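After this come two complexes, each holding chain A, first together with chain B and then together with chain C.
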Partner chain A sequence: MKDFRIERDARGDVQVIRLTGSLDMYSFPRLETQINTLFQENYYAVLLDCRDLDYIGSAGLGALIGFAKQAREKGGDVKLLNVPERIFKIIELLGFTKVLQVHNTEASALASFAKG
Partner chain B sequence: MVRLKKSDGKLLIQAPSHGSYLAYIRTLIGDLARQVGFPEDEVAKIEMAVDEACSNVVEHAYADPKDGIAAEKAWQWKQGDPKIRLDVRSEGNRLVIEINDHGQRFDFTAYRPNKMEEGIRQMQTGGYGMAIMREFMDEVQYSSSDAAGNTLRLVKYLKKS
Partner chain C sequence: MTETLKGISVGLVNQEVHVRVVGRGTFQNGQPLRRYALEMIDRGVQQFIVDLGGCEGMDSTFLGVLAGMGLKLSQNGRTGQVRVASVGQRNLELLETLGLDRLFRLDQPDGKNLRYEPPPGAVFQRLPDSDLTQLNKPVDKSDTADLMLEAHDNLIRTDQRNLAKFKDLTSFLREKVDKRGGEGHKDS
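Entry: the complex of A and B
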């Protein structure tokens, strides 16, 4: 059980947020604060690196699609990178991958932002 | 403070109704589900269903009451620490998880969760918890009484592979 952590980095115009631990109803407000900060700074291309994420609940998933919706309205997106298989299976089964883009490599994720 | 009682195929947890305990509860439930033979894919579903149920207790059952009757009862949890109690046991080929609280009653029979597919398509940010519990568990039942409080019963059958 890892503590929830958020680390921010950048690849050109894309903001990369690395998430560690569990994204549940307790922790998601911290991500919400971070994403809102990015939006206030006019960064709407956001890549969430989930390699160290060990859980995501519906509060976290709901928040992610809310962020993606807001970003798309400004011409950007919020996309997921390196989603662990255990989490991917769950979000795919529930249907969240129909509206959230998931990438297995940073190169493909960054290229997808470049394409717009 | 968390109170925990473990024995073969059984687990009793009493934790404060606070989001900071959810990860710990998920871990305990996942360990027991594995121990009684559920494969990892099913363990992940059980953990998520229990997390949704406990999140609802934290977020709704012990939320500020919206009506008079609930307001009258509110002192019961405002005087003390609101608690979530989980009684988890392996019964033959199934895992039974009972999640109990003494907060506000939930109108389970009247509640119609959003269709998840439609909610996701419309990019709604919430309202998925009950639909996830129903999707991932084989039985979802709710009971409520003044003496026993509110109990959500989740059952998952161990399928032969």
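Entry: the complex of A and C
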């Protein structure tokens, strides 16, 4: 199991957070802190790059809905990028794709933020 | 000593159910445990011992299933309980974060994590569909939403502080479950 890591980068006004390892109840508070920091800095366009994510737990997914809701209230959003197939299947199964946007390319994700 | 199987294995010895979790406990293998536990509780079993020695981690749904067992064992005049053994530091933190350390009896006296040994003669059998590495049939969408909702409601019932953590998830799931009910289970 890879250690959970968070790397922050920016593409214009969009904050890109690259996640590595397992996003479980143990590691989730670190992402929560990171996203809350972004919100405090008035960054509400957040893209979570999941290409190196091994696992995401149910609580983590649920909390992402809450973050997306908060971001939308401020004109932004929290979206997912490069979700591995096995994780995508879970997200889709649970119906989370209806409330969380998932993109396969950074270009399409950035374009969707630009459209608002 | 019986062979350690990946997944969730159970054994009934002297009216006590021994549960061994090897690998991850998640919403994907919480349902077989929930069904088995409910059946055993209905048959009058009051003591469950959950061995987390081989458990690499649990998601909130799985923890909510364990909470549901603990709650059911302590209601309607029952005096049973869930005992959690070989907890480990990481899983202990999870249990404490959700307030489950107050619902379960933890085998961790004086900060020492005692290694659990099943009673002599215990024969474990793996619950079907509990080894995540061997899951080959699609998980049922409606069943999963129901399980997740019930599990998180259990966590909130156990400790009201969990409401803030899971309110977004439970309201999303409740809406989904209610909508399905209104549509006559079209989704299932």
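Quick note on the criterion: the second predicted complex is superposed on the first by the 116 of 116 C-alpha atoms of A that agree within 3 Å, B and C clash if a C-alpha of one lies under 4 Å from a C-alpha of the other, contacts with A are read in each partner's own complex, and residues count from 1 in each chain.
The rule is simple: contacts are C-beta pairs under 8 Å (C-beta built on N, C-alpha and C of every residue); 3 or more make two chains touch, one makes a residue touch a chain.
A quick note: this is a predicted structure, and the numbers were derived from the prediction, not measured.
With the C-alpha superposition on chain A as described, chain C and chain B clash in the combined arrangement. With both structures placed on the common chain, the touch criterion links A:Arg86 to chain B but leaves chain C unconnected. Once chain A of one complex is fitted onto chain A of the other, the partner contacts of A:Ile6 are absent, as it touches neither chain B nor chain C. Chain A is touched at more residues by one of its partners, and among chain B and chain C that partner is B.
In the superposed pair of complexes, A:Asp24 makes contact with chain B and with chain C alike.
Shared interface residues of chain A, touching chain B in one complex and chain C in the other, are 1, 22, 24-26, 55, 57-59, 61-63, 65-66, 69, 93-96, 99.
On chain C, the positions that touch chain A within their shared complex are 24, 26-27, 56-61, 63, 90, 93-94, 97, 139, 141, 144-145, 148, 152, 165-170, 172, 176. Residues of chain B that touch chain A in their complex: 18-20, 22-24, 26-27, 40-41, 44-45, 47-48, 51-52, 55, 58-59, 116-117, 120-121, 123-129, 132, 135. Interface of chain A with chain C (complex): residues 1, 22, 24-26, 55, 57-59, 61-63, 65-66, 69, 93-96, 99. Chain A contributes residues 1, 21-22, 24-27, 55, 57-59, 61-63, 65-66, 68-69, 86, 89-90, 93-96, 98-99 to its touches with chain B in the complex.
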